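Please go over the structures that come below.
Each of the two complexes below includes subunit A, the first together with subunit B, the second together with subunit C.
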Partner chain A sequence: MKLKPSFIAYDTQDQSMLVPTGSAGFAGLVQGNRTLGAILSLLKTETTEAEVVAAMCARFDAPQAQIAQDVGRVLDALRGIGALDE
Partner chain B sequence: MNKQLPLEDYLRENGTLTYSNVGVSMLPLLRQGRDLLTLQAKTQARCAIGDVVLFRRASGQLVLHRIVAVRAQDYVLRGDNCTGDEPGVTDTQILGVMTGYVRGGRTRSVTDPAYRFYTRMILRTAKLRIPIRKALRRLKRRLRKQ
Partner chain C sequence: MKDVYRFADAVVAVESLYPAVHDYCRAYRFDGAPELTVRITPADLTAERQKSAAEDRAEGRAVRDFADDYLEILAVYRKLAEWAPLRETVLLHGSAVAVDGAAYLFTAKSGVGKSTHAALWQAAFGSRAVIINDDKPLLRITQDGVTVFGTPWDGKHRRSANCAAPLRALCILERAAQTQVIPISASQAMPLLLQQIYRPADPAALAATLRLLDRLTQTVPLYRMGCNMAPSAAVIAYEAMKG
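Up next is the complex of A and B:
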């Protein structure tokens, strides 16, 4: 899976955002913390949910089950707005 | 993640908004599907020549264009890639003023020297650029008819 090119991931000083472009078919804005930014960054290239969880576990000091749950929630939300190519 | 706010309310609540543009009227500055722009909510202060502003037309359409003239009661606006002026835009129609843009992942401010140079060129070359573009458009139309 991968982020669709019709969505642009962008980081400000204190938050991460996912902005749809005209062809995205979604009018809104996804805002989150650096964890969202890290997930979006991984989704810029083809990857799997397991790879995202593994990368997040290596980066953040938290139980793997918790990270897997959080990653799953973010990916579901991204699927919900049609931001993922799968 | 599911909070829904109209753009005006979002800008009022957050002060700024980074979003994408639709259309070609602000080329070559903003490329649809590739660049983002950051808006700051409009304050009581009047805008200045060269400011890129988001305003709502009477029809409800949201438009991002540049101010090319400031008049006592209103502004005259034009897209960087447009040949026609849009007079009669008032302060109450303006929702936000562009403070920066994101191109190729890099954030640029409207105070950057390169952007200021671009703005000066867009404004100063209009009298030459626009008649040439209109003439080219007429020529293309004529050639198509033949």
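Up next is the complex of A and C:
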């Protein structure tokens, strides 16, 4: 899976966002912290949920189960707005 | 039907199916070699009709049926806005007023009262104030600064001028019991600006738009204004933002 080209990950100083193009079929914004930004960054290239969880575990000091749950929640939200190619 | 115009210093030819768009843009007519030709086809009008219907449904309204020549006016603006970021220009939904030659741009969620507030500036400052555009100004965002340009796409009150002014401040407008203006950071402004800026369908043009938005928020002072629409609000806003 990876982000569709019609969604662009965008970071400001203290937050991360996913911005849809005018043709994405979703008119809102996804906003979050650096954890969201890290997940979006991984999704710029083809990857799997397991690879995303592994990369996040290597980067953040938190229990794997918690990270897996957080990643799953973000991916579900991205699927919900049609932002993922799978 | 074809004619040539200048929008935000860009010379643009418009080839239309109907004459109305040329009447709509007549204040921007220009003699020169175009950098861009906007050519409207029946498919563009169909796309506009579908987009308008989708927006009506999303907002719970009855679907409105617009005439083809009106849809063509929208199609021309959309094609221009799609191309503009590649020329360091973006379209931002808002009301831009110039006082003594410096522009102040107000943006807000729909229905907050941008136009009402702009009218307060005109009432407060008289001939010192010019409404550059009351709905869809173009912003040219270069290394040298940000300039606001009028466009013919100027909202239901049709208030605009074919002129330009350097942007002194950008203000997010909100309704409040009392008028108050506070400086805000780029991060605080960004969510609303991303909703109000024209987001192109082309990913490369959207990426260019985001880079320009970064430059805009780094170079122009940003404010949030709670506004009660009293006549004094314009003077309070001006005094807070004039620098």
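In this text, the second predicted complex is superposed on the first by the 86 of 86 C-alpha atoms of A that agree within 3 Å, B and C clash if a C-alpha of one lies under 4 Å from a C-alpha of the other, contacts with A are read in each partner's own complex, and residues count from 1 in each chain.
Methods note: a contact is a pair of C-beta atoms (placed from the backbone, for glycine too) under 8 Å apart; a residue touches a chain by one contact, two chains touch by 3 or more.
Please read these numbers as outputs of a predicted model, since none were measured by experiment.
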| message | In the superposed model built on subunit A, check whether subunit B and subunit C fit or clash. | response | clash
| For A:G32, is the partner it touches subunit B (first), subunit C (second), both, or none of the two (neither)? | first
| message | Just to be sure I read the superposition right, which of the two partners does A:L75 touch: subunit B = first, subunit C = second, or both, or neither? | response | neither
| message | Which partner chains sit in contact with A:Y10 here, subunit B, subunit C, both or neither? Use first/second/both/neither. | response | both
| said: According to the stated criteria, A:M56 is in contact with first (subunit B), second (subunit C), both, or neither; which is it? | reply: neither
| What is the contact status of A:L18 with respect to subunit B (first) and subunit C (second): first, second, both, or neither? | neither
| note | subunit B and subunit C footprints on subunit A meet at residues 5-6, 8, 10, 12, 17, 19-23, 29, 31
| query | Okay, in this complex, where on subunit C does subunit A touch? | reply | 58, 82, 185-187, 190-191, 194-195, 198-203, 206-207, 210
| note | Within the complex, subunit B is touched by subunit A residues 5-6, 8, 10, 12, 17, 19-23, 28-32, 77
| query | subunit C touches which residues of subunit A in the complex? | reply | 5-6, 8, 10, 12-15, 17, 19-23, 27, 29, 31
| request: Would you pull the subunit B residues touching subunit A in the complex into a rising list? | output: 1, 4, 10, 17-23, 32-34, 36, 102, 105
